[in-house]
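Shared chain: chain A. Partners: chain B in the first complex, chain C in the second.
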Partner chain A sequence: MSTLLGFPKNGYKVVPGPETYLSPSAAAMGVVLPNEGEALIEGDIVPEEVAYEEIANRLLSARNPTLFPGPLVLWAWSEKAVAKARALLEMVGEVPGMKIIPMPDYRPKYPMINPKVEINPNHPNLTIWHNNIDVCVFVGVHCHFANLALKIIRAGTDCYTIALCGQRGHEDAMITLRDVHAEEVMDLTDTIRKVKMERLSC
Partner chain B sequence: MEALKVSPGFEKILPQEYQELVEDGPYGRGLAVKDLGTFKEVIEEHPLCAGCGLGLAIRLILASLPDPGNTIIVGTTGCNSIVMPQVAIHNIHALFGNQSSVASGLKRALRLRYPDKTKDVVVIAGDGGVADIGLAPTMHSWFRRENITTIMLDNEGYSNTGGQESGMTRQGVVVNMAPVGKKFPKIPLHEIAKAAGCAYVATVTPARARRLGQMAKRAILIARDIGPTYVQIFCPCSTNYKFPPSETLKRAKETEITEYMSPEAQEFIEKIEKESQSRGGKE
Partner chain C sequence: MLERKVVSPEYMFFEAPREKKYLIGNEAVAEAVKRANVDMVISYPITPQSEATHIVGDIYAQGYVKDYYRGEDEFNVMSAMAGAAMGGVRAFTATSGPGTLRAFEMFPCWAGERLPIVCAFMTRGVNSPLTIQPDNIEIGWLADTGMLIFHAEDPQDFFDMILQAYVIAEQPDVHLPVGVCADGFFVTHTREIVELTPEDEMLPPYDPSVSPVVTMDMETVPVRHMKDPFVMKSNYISYNTHASWQQEVRAAAERARKYITRYMGSPVEVVHPGAEILFMASGTAAAQARVAMERMRAEGIDIGLVKIKVIRPFPEKEITELAEVPRIIIIPEHNITGWLARDIKSRVNNNAKIYGGPRVFGGMTMPPEMLVEETKKLLLNLVTA
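Coming up: the complex of A and B.
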């Protein structure tokens, strides 16, 4: 499989680390963003329905699933942001034991971050380590800070990362959906409910 | 958005600092220097040296912003740049010296993007950034009559790179890495600012807290409607100049307090301050 630019993908997989001290960006390793109706699972392009199910499975199987909401959903700066925030809270309610740890802004913390109550894009690994998070969901974080945080997490932790992106997705996450707004979050919640019912009926 | 609001349901999960900023921060409240100690400030800790004049100056400027929720600060490399990213106000770190160019573009873009709102763009940078490396962008923003405020934190040298002299170092002064002494006088940038077209020019020090607050506020308000403004704040550096941190304010008092307004700016300030007093304004 080759990328848009014709470079070989080299079989690079975006999987949980710890990968290396300086993890390469997935884009540099040939991973490209999905088109409309598609998503990425570990660097491979898949239909978005497949990714919805995989996210549901990952969250419902997690020991300590955690939502990391960023400024775009934490702050009520628009009606759409508020609607998306409401939908996310409903989704969290459907995943047993799911916690919420916020990323209210991107300021470096002086003298140090409190990893128990917040996550910061400059050292997200501290929050992952401190709280033993095995599956996390990024949402509402601006592109470059999301990619930075996702890379650091892949470099230094074994956490499985999921990014629900309002734009084109995050290739540095293990699973990413694109064009995620309130409606798509509600669709994901429905998928989680469906997978839960399937598991109960087994 | 009138003030900082949290999406419903997320209020309780915000860290304490953010809850306090939402409930008791300065956004949309029209506070001033005299209100310090009665509200949650946008920065409360900093990594500057003990006795740093910049730390106090920054605190006073931030407490004086007319509308902190709609202010964007543009800074550049310097001692202040290790503080500004931690401030709970939008800020941009420009390349070393081009802060006034970035601020000019930002102000114009904000005017197009938010035609019904007033967004204040304030350059806060050191003497190296404003008077040496960024002198051309600074002066050209004044020549172009950009509606931005430039605040120079003047510690008379390059302090966080070991202590080199800057154009703002006084003649004859020896600093850590300039052992033969400054060979030419301090740049009279406040005089140049007047000649270059600034509608408001002030020199002040953090030793005069309320005056500094008043000048910063006036500069920002004038820049909104009339033209470029410049405030030069003398911030003594105990690390580079080798004096005890406890002497900072004493040394800060050594500078002259000056204020210049163009006739148009004078008329504008008299009008808005009169209106503010009749409404029971703060300062």
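Coming up: the complex of A and C.
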């Protein structure tokens, strides 16, 4: 499962790459998903409030922060999805220069993909490299495909990955929150506003 | 059919009253399916599992299962099971030995598609020469499909593990198929006391909206499914994606450990863990080793037992820790290949103290007397050496 020979389990850090030819899954390296009320930062379990602050700092410090919304928030398939999408738009509005590049579906699109306008889980690095994205946020992507992409990004790029998961979270992201719905996105937006104010007052 | 109510898995597994019934393993399977709130069962007869899905057909007729039919062969059945699960329903099937092999291509497909199917494997010998008798060689092959694999010791385990399997399989971060294995005839056709949960209580229905892949039921988000086959592309991206995909399936199995602990207590059961000699065994071999252990302990021999309930994900941490103490580890098995001994030896430090055997196969029984005799011979040989 792992290509990192001799690397001790439980000492693994989920940090920006490029890591190696074929990155292991973080789960194979002993990283476990957080329980309710918790989050992961670089493989370590932390209270979710700590992760909110770290996400805000990462986004506000980024040169080219980008949101990758997936099908679960791109389509108005439920009232909850609509509310979450609206909350995400508000969040993006609070981060200076933050772009949105959608992941509308999961079929491989090489060599035809237009990396300016979309990202695909099977070859996410084409979009990250083309747009020089240094911090990205996955949201609304079905968990299997998010994990697929997050490993490939860690193996081949230096992009800092954040996953706002509606289910149990993603070990392969550098920061992950779990159980993220519209309300939690609004909480994150509030944290971003607060951190912005703190930075302005410094 | 009884009027039924949905109860939580925690209540069903740990709090619900239990009623004792005298059942064979195949009957216990049907009782589990009845309580598992299964939507669809697809069957194909093969000894020794035929009776289980036959009885499940009866409970379908009574209304406990929403849909049921007989496929044309095992490959057809397992393919149709994939379709059912992709469509977002809770599905169940069962097979044995040659049926497992005929359908084999579908098991890694189930895992790769992240389908939370539960399949009972009533293991038997595989051809040739033709046999229908007990032998669990197929579990060793199933172990590398990406499925979670449980191994039942008796009809009680078979009943409990099928229910636990659905709850673990359907966790959003796991979402993998589970093979619940039991040794054919020894478990499927042996009548024992089984403690059943109330017949009018069932698990909550499956919620396909939390699936980590797209459910193809036209009710969820309209999205093109990942069906453009990687095999058609010969380039780095396609290989890299396939590799990442395989890693994610194994990662999902790793995530199952938390839920195995929560719902099954532990992937292993330990009796006398500090003993100088340990049997490590699964399935019927664990049952026979348990009897042999008691007889030897009555004679003053310091021996214990580790029953391995979960074959995948392999309980590596538990086994390596338990293997630290004893001077001798004996691994009896009901197959010729010794897949369990291989698994354990490859993970334990100082594996020279591990003795893979005795093994019986082709339908042969494993009498506790034989285990006692072989253990004593081993001890004598070690003393002589």
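Worth pointing out:
Throughout what follows, the second predicted complex is superposed on the first by the 190 of 202 C-alpha atoms of A that agree within 3 Å, B and C clash if a C-alpha of one lies under 4 Å from a C-alpha of the other, contacts with A are read in each partner's own complex, and residues count from 1 in each chain.
By our rule, a residue touches a chain if its C-beta (ideal position, glycine included) is under 8 Å from a C-beta of that chain, and two chains touch if they have at least 3 such contacts.
Remember, predicted model here, so these are calculated numbers, not experimental data.
Using the contact criterion defined above for the overlaid structures, shared-chain residue A:Leu89 touches chain B, although it does not reach chain C. By the touch criterion defined above, A:Ser25 reaches chain C but does not reach chain B.
Shared-chain residue A:Asp105: touches chain B and chain C both.
Of the two partner chains placed by the overlay, chain B and chain C both lie in contact with A:Trp75.
Of the two partner chains, chain B is the only one touched by A:Asn114; chain C is not. When both complexes are aligned on chain A by C-alpha atoms, chain A residues 74-75, 77, 81, 104-105, 107-108, 110 touch chain B in the first and chain C in the second.
By the touch rule above, chain A contacts chain C in their complex via residues 1, 22, 24-28, 32-33, 71-72, 74-75, 77, 81, 104-108, 110, 121-123, 142-145, 147-148, 151-152, 155, 167-169, 171-172. The touching residues of chain B, when paired with chain A in their complex, are 1, 4-10, 13-16, 18, 45-47, 85-88. Within the complex, the chain C residues that touch chain A are 114, 171-173, 175, 210-214, 220-228, 230, 233, 235, 237-238, 240-241, 243-245, 247-248, 250-252, 254-255, 258. The part of chain A that touches chain B in the complex is made up of residues 69, 73-77, 81-82, 85-86, 89, 100-102, 104-105, 107-111, 114, 117-118.
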